[in-house]
Amino acid sequence: MRDTLRWAYALNQWNIRMDVFVRHEDQRRALKTLSALGFGHIELAAGTGRWDNLGRPEVIEINHGSPEGFLAFLRSCSVNGVSSMFWDPGQPVEEEGWAFRSTRNRDDHAAIVESAKPFVDFLAAIGAEQLVARPVGSAWMQPPLGRDDIAAIGEVWNSVGKVAAAAGVGLALHYDCLSAVHTADELRRLLDATDPELVGLALDTAELTIGGIDPVAFYEERHERVTHVHLKDTRYADTGEEYRMPGAETTMLRGGAGRRIERWFFELGTEGGLVDVKAFVAALRRHGYPGWVVVESDHGGNPAELAMLNSWYLQQELSVART
Amino acid sequence: MTADQLAQRSETPERRIKWSYMDHWRSNGPAGPVDQWHSHRTMSSFLKQIKAVGFDAIDTFDFRLWQMYGDYGGPAKYQEMVQDHGLERIVNIFHAADYDLRNYAPHVPETHENILEDFRVTMGHWSSVELDNIIVMPATLYYDMEPVTEDKLKISAELWNKVGEITAGYGVKLTCHHEFFCGIQSEPDIEVFYSYTDPRYVSLFIDTAQHCIASVDPVALYRRHAHRVSGFHFKDTRNVAAGDDHRHRPDSEIMAPTTGKWFYEMGTPHGLVDFEAMMTAVRDNDYRGWISVEHDKANKDGGDYAESTAIARWYAVNVLEKIYR
Amino acid sequence: MAWTKWSYMDHWVTETPQGPQPPSFNRAYMDRYIKQLSALGFKGFDTFFFYLPMIEGMYGSVKAFEHFLQDNGFEKITGIFSAYPYATKYTAPHVPETHDRIVADCMATVRAVEGLSVENFIVMPSTTYFQVEPVTDEKIKIMADLWNRVGQMTLEHGMRTTCHFEFWGAIRTREQLDLFFRYTDPRYVYFFCDTAQHTIAGVDPLQMFRDYRDRCTGFHFKDTHTVDEHEAYRTPPDPELMAPNVTRWFYEMGTEGGLVDFPALMREIVTSGYDGWLTVEHDKAELGGGSYAEATCVAKWYIDNVLAEAQAEAEAQLEAGR
Amino acid sequence: MTDIRWGYALNQWKPQFDDFVRREQHERALKTVSIAGFEGVELTAGTGRWEPLGNPQQLIANFGSLTGFREFLSGCGIAAVSSWFYDPQQRSMEHLTPPYSPLVAADVTGIVTRAEWFAGALAQLGGSVLVVRAAPSAGDVGPLDDAALRRLADCWTAVGRATLAHGVRTALHVDFLSSLRRPGALDRLLGLADPAAVGLAVDTAELTVAGLDPVEVIRRHRGRVWHVQYKDALAADTDEEYLQPHAEYSVRQRGGSREIPRWFAEPGAHGGLVDFAAVTRALLDIGYAGWVVFESDQSPHPATSALLGGYLLQRDLRPVTAAAVEAAAR
């Protein structure tokens, strides 16, 4: 994509189950698809195990020998590099002995900082700019956040941010609609509890919208803190309570209960989309946003079709040149 | 880059080749697989995807005509929708006829008047849009034509000369596409056939996969006949027809015992077509105009049209356009 | 009498608005899945340890899920599959320092199904071959020690620990299998016969069953089209999905080109007097455009139409011999 | 036992013209139907080389003979072809004939000839019912006045008599695009046709989408119900959109102005409008003897549809029929 903004695409929409998107030829097809659509950079997502083989530095190394080997793999498909990687330290992984860690628990902080290091080193080695992190776990799994909780969360991210900055990598905290940091106020407090030099915000247009926060307004308010963007659309907003349902990952986001909405995230330009994508992108341009804009669709059907529809929207509706 | 700059880019003079997409397509609907003609919504989604990967135009089948009339108001109106999605136009149409020895068989002279009348009517229907080619399979199924004799080839050639004259009257080239399972598919038969056809009225349409399956080298064939080649289907295959595959009753295309899926998008692993050699030949002959990408039945065996289309386009940009564009 | 104790091993993928997903996508999909298995007449249900929390989430408890199964004609949950396919510094059966952790994990799984009458606690006794090699006597003994411990523990909770050998695991040849069973205590460690995995590894599953009949507590009836003759089993990073030349190892019973002689196995089972559960499995059935629902139908059709005949033959022979 | 036999329609496996052509696909579908608990299959008439199960000529081309096809079926655990669905409006590549209309007197001979062709084959395949599309779409031919109904009655009487000669009954299939859904039209048509030659094929979903209650239709025409198709309806055509031109395409396929994603589904589908237990009781009440064919028309997942249908049959409907048998014995 040739534009004043820098565009990338998230691979997560291909990796929808543990046993798919494992073979290199499948990954090559996805990379070529993105390349053909004009995307030169991708976002990775952390995972676990031998089948999530784009999900952890040590597993990527078993597959490609070295960070350089991995870049060569990308470049064989005309994808130039990696913009960023998404990581959730609260997600138990096999490689960490399925440890369950929480950023609000100060006893876990040292381990969280330690576990961030391989990711930071890997991102630095492949020239990626941002570690995109989930700041805190789902709301339904924990009591409401007190003031000290936000302080504790801020502390650990400042520490991670320091490690990242030393390696030349940025750290951006990603708001999501199930998170314990849910309201605009809570999000502001989290930003205020972190050092602007070390920690930025990853603004996800669909997640904010579902969570009841207007992404355009919030961006206007805190644009100086936004260092990373996920651009996607949604057709629904939370009623205000669904994110608290037990098992919200399934009961809310997969329609297991409540209003039974089985798909929340959609491609740009979807009928009935709630995100004002054009206004948001115009705001990015107006403020000279310097970071990556990562287009994604999460899990929503046929990955190649979604990528094509997203690219079409960029070209036709946002006047971004494909090559 | 702004829209204006983008428009300027597409007018840059150095591009000699434009890419069209032959519109086979399936996607998953709520009640099972549907084609793009299912609704305006699915059509729009299809056109967006074709545009997104950088195709310039589309090809289509002429049996879609009735739906174009019923649902869009005719070919010209349908083409407006194509253009609204940023694509140039409809470049070629494929005339898929029901070949039958009783009333529609190029090697049977008694059926010729019926065929000629079919083309007079068809060309009238399409006169509202500008087309480059109307593409035909120039023979019946192989088993309906065999033994393939010089006489039958000559009779077929005479028919297509006359058809070509009709289509030329509408400014459209009649061009022949040789399916591996049709009566005119082997190298010697193709050569005899073209020796009897009039280059003014009958062109050759190279389908890289079909020739390859029929054990004909598409590059050599093209080099021999380049002056009368009016278009291409760039698609790949992983299998050459063996034994009676080309004359399997009742059908070879889907039912041949050896092979469940014949066609693949270009850029597929284990593909048999040498596209780089093909593109080099296209360059050497200074061909200018359209190349069509096709991969029919891409959805078989778990495949996916959207992905195949993107991969094929990737291949065009990253491999073929480096040779000639 | 037709064999009634057929169970189904819980691999399955179904279309959802978020793409092809396991039925645990949400409760409605799970219900539909169980109904489909019920329509085919399965009586037992095997699942993975990692699905237990999801089942609890959807049905309130594993017990409540079992009631749902029973409302649909099932007898019960028959087996729980637990595995460490990938060695980490925390868990690796060939590394003694990790054993306490593994035993504790197994204990947690056992507790999750406490009070049900699950029969088999099915384990992969090793991780991937390439993470263990060279595979030595000593390492096999270490793994055997671990499963002796686990086996004793699960038996106290009414479940038999039974070992399911992957073609890409560290215990795969006939010699390695024999050694492993020599080192394990027949009171605590049992044999689970996966027909496809052994066949791929070049081991005859029928002979394995004959030789370990007394320790055999179950089967995965699944087929393969390929014997691994090019050491695919030791390819890093993963031989199961990433072997260079084989994109699909596993097939349901009854496909063209299948290598396992299921009728012979069925006759052997009947003749041997084995009367436990027989489990149908076909993981990765969706590869190449396949569908789990259809694969399950075709496999069950094979049971009712081909294996039933083999069973009847063997029973008639037994009868005649009496 | 009751005199009901259970079948499944194969049409859901063929969403597009180039699907479901290869033998191994047929084999897997038939095994699926068999193992889901069904005894027979219903075929749909089709034409050309990508319709191997579409007509007698294609069956012979593919299986050597009708006996060869019957053996293929029984090899998959399917006892019989229950029935064949035939729409005279389909042109025939095998006969080089254009679409026929039962409203056009000149077409009747052609329709009768074709019907006999199917009936003769059906008899050899163990089937007993030719299911015919009773009338073209309302939007294409307008309302059916008395003269039109009489022409339909004459056509189907001729067809029915001809198929009976092969031991096969002709049953009129009323779909939701047909004018026969209007008050009194179906009564009138059945009244005009020879009751010995022409019966009714009750399609639960088509009637429901058309706003008719299948239970009521069964009771009302008790002596004339010769065939039954069980499929579920997910929505009803409440706005009479069936009267639009090209409704086959714009309403049935695309879903009309509401863009109904899917009118039909397998019996018992979530949100389905048909009460199959009630329909089954109604059939038992009238002493129905014959095939009940499960259908989904189209399905995103054919094997799943067959299994969910099988579940409904085994769990909910067989107990209903068993109870009726028991009650009769007492």
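Order as written gives the chain letters A, B, C and D; numbering starts at 1 within each chain.
Convention: a residue touches a chain if its C-beta (ideal position, glycine included) is under 8 Å from a C-beta of that chain, and two chains touch if they have at least 3 such contacts.
Here the structure is a predicted model, which means the values were calculated and not measured.
Student: If you tally the C-beta contacts for A-B and for B-C, which one comes out higher?
Tutor: A-B
Student: Of all chains present, which has the mean Cα position farthest from that of chain C?
Tutor: Measuring from the centre of chain C, the most distant chain centre belongs to B.
Student: Report the inter-centroid distance (CA atoms only) between chain C and chain D in whole Å.
Tutor: 43
Student: Just how far, in Å, is the C-alpha centre of chain C from the one of chain B?
Tutor: The computed centroid separation for chain B versus chain C comes out at 49 Å.
Student: State, to the nearest whole Å, the distance from the C-alpha centre of chain A to the C-alpha centre of chain D.
Tutor: 51
Student: Which positions in chain B are in touch with at least two other chains?
Tutor: 28
Student: For chain C, which residues are shared contacts with two or more other chains?
Tutor: 15, 28
Student: On chain A, where are the residues touching two or more other chains?
Tutor: Counting only residues that touch two or more other chains, chain A contributes 301-303.
Student: Going by the touch definition at the top, which pairs of chains touch each other?
Tutor: A-B, A-C, B-C, B-D, C-D
Student: Residues of chain A touching chain B in their complex?
Tutor: Touching chain B from chain A are residues 2-3, 25, 29, 32-33, 35-38, 77-78, 301-305, 307-309, 311-312, 315-316, 319-323.
Student: Any idea which chain C residues touch chain A in the complex?
Tutor: Chain C reaches chain A through residues 13, 16-22, 24-28, 54, 57-58, 85-86, 88-91, 101, 128, 236-238, 241-242, 247, 283-284.
Student: Would you pull the chain B residues touching chain C in the complex into a rising list?
Tutor: Within the complex, chain B contacts chain C at residues 28, 300-303.
Student: Per the contact definition, I'd like the list of chain B residues that touch chain A in the complex.
Tutor: Result: residues 1-3, 5-6, 9, 27-28, 45, 48-49, 51-54, 85-86, 267, 269, 304, 306-307, 309-311, 313-315, 317-318 of chain B touch chain A.
Student: Could you please specify the touching residues of chain D with respect to chain C in the complex?
Tutor: 24, 28-29, 31-32, 34-37, 76-77, 270, 300-304, 306-308, 310-311, 314-315
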